[in-house]
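Quick one: structure below, then a few questions.
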Amino acid sequence: TGCGSGDDDGTESGEPKRGGRLSYAINVETSSLDPAFCGVQSFDRCAPIFGTLLRYDLEKKEFVGQMAESFESTDGKTWTLKLRPNVTFSDGTPFDAEAVVFNWDRIKDPKTLSPSLRIAQDMTWAVTDPQTVTVTLEKANYQLPWALVRGLSAIGSPAGIQKAGANVSNSPVGAGPFVLKKWTRNSQLELERNPNYFETGLPYLDELVIKVIGPDDQRLNALRSGEIDVNWSLLTKDARTIEAEGGYEIYRVPLVGGTGLQFNLNDPVVRDEGLRKAMLMAFDSAQINNAVYPGDEPVDAFLRPDAPERDDALGKFPDKNLAEAQRLFDDYLARTGKSSETVTFTCYAGLPALEQVAQLIQSQMQQIKGLTFKIDAVDGASLSVASNKREFQTIMGATLSQEMDRLYEVFHSEGSLNVMSYSNPTVDEALELTRSSDDKDAVTKAYQTVVGELSKDGPLRTWRYQTGHLYVNEDVKGIVVAGTNSGASAYFQYAWMD
Amino acid sequence: MNVRALSRHASSVARFFILLFLVTVAVFLLLELIPGSPVDAILPPDATPEQVAAARAQYGLDQPIWERYLSWIGGVLQGDFGRSYQTGLSVAETIAERAPVSLELAFLSILVALAISIPVGVWSAYRPGGLLDRVSTFTISATLATPAFVLGILLVYLFGVQLGILPILGWTPFSEDPVEHIQRLILPVLTLAAGECVLFTRLLKGDMMATLQQDHVLSARARGLPTWRILLRHALRQSSFSLVTVSGVVIGRLIGGTVLVEAIFSLPGMGTMVITAIHSRDYIVVQAMVLLTAVVYLLINTAVDVTYPLLDPRVRKVRTS
Amino acid sequence: MAGSGTAHLRDQEDVVLSVRNLIVEYAGRRGERVFAVSDVSFDARRGETIGLVGESGCGKSSVARAIMQLPAPTSGSIRLDGVEVAGLTGSALRRQRRKLQMIFQDPISSLNPLRKVKDIIGEGLRIHGGLSRVDIESRTQAMIERVGLDPATAAERRPHEFSGGQCQRISIARAMVLDPEVLICDEPVSALDVSVQAQIMNLLEEMKERYQLTMLFIAHDLAVVKNLSDRIVVMYLGKVCEVGTSDDLFASPAHPYTRALAQSIPEPDPEAPIQEAALSGDLPSPLNPPTGCRFRTRCPLAQEVCEAEEPQVREVRPGRFAACHFPLDASAGVPHLAEHAVA
Amino acid sequence: MSTDARPKVGDAATTTEPRPAGNLLEVESLRVWFDTPRGLVRAVDGVDLTLRRGETLGIVGESGSGKSVLSRAIMKILAPNAHVLPGSHIRLNDVDLATVNPKQNRHLWGVDLSMVFQDPMTSLTPVLPVGKQLTETLRYHLKLDKGAAYTEAVRLLRLVGIAEPEKRFHQYPHNLSGGMRQRVTIALAISCSPKLLIADEPTTALDVTVQHQILNLLADLQEKSHMSMILITHDLGVVAGRTDAIAVMYAGRVVETAPTPRLFANMRHPYTRALIDAIPKVSLPSHTRLASIPGRPPVVIDPPPGCGFAPRCPSAQQRCLEQTPVLEPDPDAPVHSTACFFPLGTPEGRAARERNIAAGVTAAGTPVASEVVV
Amino acid sequence: MTEIVQQRTSPDTPLAPALAGATEVGPVRRRRRRRDIGAAFGVIWIGLVVLAAITADWLPLRDPNEVTDAFSAPPSGEYLLGTDAIGRDVLSRIVHGARISMAVAIGATSIALVIGVSLGMVAGYFRGAVDSIISMFVNFMLAFPPLIFLIALVTALQPGLVTLVVALALLGVPNFARVARANTIAFADREFVTAAKALGAGPLRILTRELLVNVILPVMSLALVVMATLVVAEGSLSFLGVGIPPPAPSWGGMLAAGRESLSEHPLLVLIPALFFFLTVFAFNRLGDWARGRVGRESSI
């Protein structure tokens, strides 16, 4: 594949101007700028500093080279990473095959505690020449390029990493368009132009400031008051408001999956098919969206209707049908000899929107007579503990991602993120095919199967099709949008201020 | 200084350290009660068993609690507060970076609160039932009933969005841009000060009213001294004991974190740090913070004790209760 | 004087209260010692009223409280009916308290503002037990009546509904309901109006006769002390100056301090000549009392010996005891008082 | 008027000037009521007084009789809940104080009028050194500079008999004894050479010996500077030898007023008499039964009609319960006024008293024992 | 001896006309009346709130957790105070929420009061070593950052009403202990305590019979202020996610839930805030009134 800088520039009007300071707001702080953590945890903070080896072009729907020139394979097992010549890190050291291998080795070392370890686990690599790294897999995986957009994408200067020692999370040295000026955690990250950035003339901006503003409406306020130029959001209703106000460009990135109600299929109660079906039939995503996410479509299957990977013939979430739900539940009671049942729902505390959703789900579930649906609201850390240890009956969980390949880890019976303990041979098989096949149509077909099965089985019931949004002040041009694990972001080296 | 005084000093120093010891032990035990361990919060959901083992070893979580306490306290005694599990940063540095923000916020809001409540309190005490008194009583109740998160959001909406005259979020260090620094402080300081004003005005008014009934105030009036002079020079100082005491407690509390306000205004203070730390089970940060707040509290309390005799020469030394 | 000594103690068998070598010291602010009472002795016979006078801060209240063991004195002996009270603690002390009661200076602050009068008066009976509720009630009522309060309404009210004089009556009732042998009155009328003062003094006199009370009566108003007492002890800075019978003590003082006190008494008589200030300066600090005679710093008659040597209480005239190196003789009386006394 | 031209207290040069004559202070039907939760307190309820230049007036009365309120009304430092009723007049130097505006008022205080309070322990500001309090007043009223104020303050401290004034200057009130504090308050009061000094029970809180010193000091200062003085006390013994005239107050009213010698020689009001009789005297033998006044000092909240003393008065008749006697000059001696229908030493008085003794009870229902009545 | 018969109306005194012309008496009266009215308002309002809390289940109200399809509806005949973001009746939630708000305010305050006053009185009466130990405890509690304490405790013990009340009560103890100690010290020096000792009363008797009544009055006025603060604190805790878990209605929870849509649906914040305000105001009025009473009592 070819590389390209500023492919999208042509769509913007006017001549790019150099200079200026752009402020961008997101909702949570990241804990680390260690390149070994970057790929998974924070695209927004890391991409400007380290760049990404590859970029997924949302328009062309294909991978393009970014920091690297290309990443190609013929059999899905052996991959060749070609680097660009004469790229240097901001500390002057060369961005070469050694550097890539150094970073990846670090990730593979359990002591680094890198969240990308799972991705690197099955890979082996070797430096072929200063511009080439050869990667070998045991099993073919044509989805591997995603790893170079995400988990393994950030390459930091080995010299910089060694020098920083224990402080590595705070002193990133990359070859990306910007260099770190100052990081005030929980407040803002200030970046300035990397003068040695390899794409000549870029970035346009002198400075990029990334602010952390938790509440959605505070971010909107900040956008309106001019405090920030670009706002991150997941809320369709805000997009509508902002659109109506005018003066802003809105970018949308459709995401795969969303936040939903997950069942623990190992749980002696919830594993019961009939009970689960009853609950799925009581679920009313339209109500949730109307109340909490006005403007969002009701969800009837795992993927949005226009997704090519969705084929309604293969399966949809069961329609809401209270009578049937009650019948199934009564059946369940009769079968188990119980007179009532209690199901606990572990969810986030302290986030109003999610609390409201939880309460709505509770009221929907409790329309089934005899079913008590208990809310157990806990903080984020407790929630992830419960999830990781599979100590829950039902839980509020997310499978937010831009890429379909994520489904492998979440729903394959061996998947590392399969907290639901979901196991379906058809799904397993289809997921394996998505990796082993080079045939795009076959892969799409396989995903259609997966989506259909998931929708039928409902180990996870989402309530809205999530979309990442960027609200961008009209004066900001040249936004190249990227999908991330948490929504939309941008490659800011192409952005400029009018 | 005689032996008695020396031994009194020694005992108060001893009390100081015993308290710190108790506080640190208590926080260790309390954190132990919370479900989940730092490892759960640090590692990704798909962490491998090797990673879990590595993490436990790295943070010493495989040791019993008392050993962890000892090694922590040993580090602290040598000035080493450890590194955050979550961010890998030196805890001391992190605190050093954030403490100034919290300190400035705390002191400024106390100053603003005092600047408002002293005149209001003094005048309401002088003219109880007067216009100012009534207006302030009403405002006080209203402010009491408006939690910081509501007030802060209202202020942001009013000044930042509707009027557009003040920046609403974030922090600019003084060294970078003093004007912006001040501008960004205004709303958070006002939000915090509003809450404290309430208490201060009440306390001062109460004590002041008692003082104003004393003969010496009457006597100063009978000497024809101007009202303001009587109020400020003859009555205020001895009426400010509760005010000073409470200011001390409040400063201590504010320095420990003004979580809500920090969250609303995205300020890099210690409050958000602590909350994040607790939520991510980053105990080492929490412990350092608790230790720090306790030290600050105790020091401020001592400072307050020292202030009493300055306020009223009749008091030699009031023992902190 | 301002000296020590026990020459004035009597040795009859009807001595009910005997205070010997009483010393009271307090811890001062910076760990210094306040020498509030330094070696004071006196005694009281059954039915006798001992008056204790002196300037403010000379230790009158300290003596009273030491006798009450509130708090216990630093050292010294206090015998009540021959029983040593000093050093008693706990229930042994509480038993003796029945015999020894006290009335305080401030009638209002010595009554719990939030309790009913009948509870205040009956409290002692309840503490010492052995009585049924009905008995307590009836005794309380009787005592309320005896001190001149309206038994119908007073019992249910609280102290703040009463005037100072009435409060003092309640205090007296509270002390008398236990039927004590010795009553200590620490300035019981100082806070009262003249008109009420007379009522209370008459009441005390009445009580004393009725119950054969032995009283220690403290006041700074010499006329008041004189009126109620049989024998007066003059104190100065923690020590005894002079002891004598009340009728002639002020008319012919033997101690220069007593004379100064007597000269300062204002008489409600426009014809009485105004005396030059009898004493100059202030009471020295009890933290650091003068050596020798404690009065010497203000005494017009002071000589070197007064600094070097502490005078002991001795009988300077029959029935008159003074601690002074240079006691005045009987003819050096206070003119206006002597005149009236003769008249 | 230029303050510099005023004679300074204690200046030797001024002590030989003759006494100016005439009335300095005239109080006319003064009524001060307080609005309190329990009702209207008629603290001062129709008081008439005059004070001649250079003279001393003693005001005597029991606690709560309105002495302090009277003096505070003259000083215009009443509590906010006080209400001076219309028709009340206080004239100082023929100026009606009600007409003085607040600004001039400032200079009335300290310069024309000043006051010594009852309790020396509480009437000095505890947080300022005593010298500071003196110089503050001096600088404010007399516009002295720092140095001059200091010199003057030290002079005043010495004048009131404080040893080592330079050292005491820097001390706080709590470092001084009660007597010294009262001296300081006196120094403060006379610092701007007032024309009228009101001493409200200046010695009640002090010991006999100190009381004696302070009273002598006041007399001395007054003598030297021709101040007029009002000496308030509840102790007739204090005023006996030190005043030119005496007003006896009861329940917010003046019940008897006369030049001091005449009052003592010729008491008209039964209350004055009773007050004297109730005081224990050193000159009397011990255990003398005191002639106490029955009942208790009156409550001045919404008082019933009639003479306030009637319920306690051994001469009380039906009329005393129904009508309120006004202060009327004695026909024989106009300087002597009494507010009584049955004054002592008159035939009506004697008759009334005898009638009551015969009945054993007064018209108000108070028992009268013959022995009590002198 | 006779008492003076108090006659409240006296025909011969020109009371009414004199006052009619008076200008200074009015404000004083008005102020007092205002205070009494304030206290009356306080009693009535808090009475109503408590009554509502107790009888919430029997009142003709919707189920506070019943979700309808009228989301964030403005007040109307059907929903008197409108509905919240997920269509629940705000009025009903306010009434039921009073239960938690009052339980927190009154429950935590009472527990804190009982423990704090006992500690404070014992410390203040015995002084010495007992005092040192208790003061140490009080200082310890004060030195510990309250928020950390709360979050840690609530997280450890599972959020819920009981946990919250216990945690807030523990935090309140030092304040009550301080006030009780200070007042005990002040009163222990008063002569009536000495008098009780002179009668032979032991420490327990003195503490309970003589001191408690006197100490409790100033403590009560603190308690009213503390209650007011706790009503608000419960709300702030919801913000941090350690409040009462949903869907149980609480005023603080309602306020916190509404905060993110303040600009769209201000009523969702303003209505609970108004109830907050009225309740805090009522507690304050009561506090003022109690303080006034205490002042009157002790000034006599």
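Residue numbering begins at 1 within each chain, and the chains themselves are lettered A, B, C, D and E in the order written.
Following the convention adopted for this analysis, contacts are C-beta pairs under 8 Å (C-beta built on N, C-alpha and C of every residue); 3 or more make two chains touch, one makes a residue touch a chain.
What you are looking at is a predicted structure, and each value in this text was computed from that prediction instead of being measured.
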Which neighbours does subunit A have in common with subunit E?
-> B
Of the other chains, whose C-alpha centre is the longest way from the centre of subunit C?
-> A
Could you give the separation in Å between the centres of subunit A and subunit D, each centre being the mean of its C-alpha atoms?
-> 90
Rounded Å distance between subunit D and subunit E, as computed from the means of their C-alpha atoms | 48
Using the average of all C-alpha atoms in each chain as its centre, how far is it in Å between subunit C and subunit D?
-> 31
Each of the following residues of subunit C touches two or more other chains, namely none
Residues of subunit D that touch two or more other chains sit at 294, 296
Among all residues of subunit A, those touching at least two other chains are 215, 217, 221, 379, 382
Going by the contact rule at the top, pick out the subunit A residues touching subunit E in the complex.
-> 215-217, 221, 287, 290-292, 294, 348-353, 355-356, 358-360, 362-364, 375-379, 382
Partner subunit C, residues of subunit E touching it in the complex | 1, 3, 190-192, 194-202, 205, 209-210, 213-214, 217, 297-298, 300
Touching residues on subunit B, where the partner in the complex is subunit D = 214-226, 229, 233-234, 237-238, 311-314
In the complex with subunit B, residue positions of subunit E that touch it | 27-28, 30-31, 34, 123, 132, 135-136, 138-140, 142-149, 151-153, 155-157, 178, 181-182, 225, 228-229, 231-232, 235-236, 239-240, 252, 255-256, 259, 262-263, 269, 273, 276-281, 284, 291
In the complex of these two chains, what residues of subunit E are touching subunit A?
-> 65-67, 69, 71, 85-87, 155, 159, 238-242, 245-247, 256-263
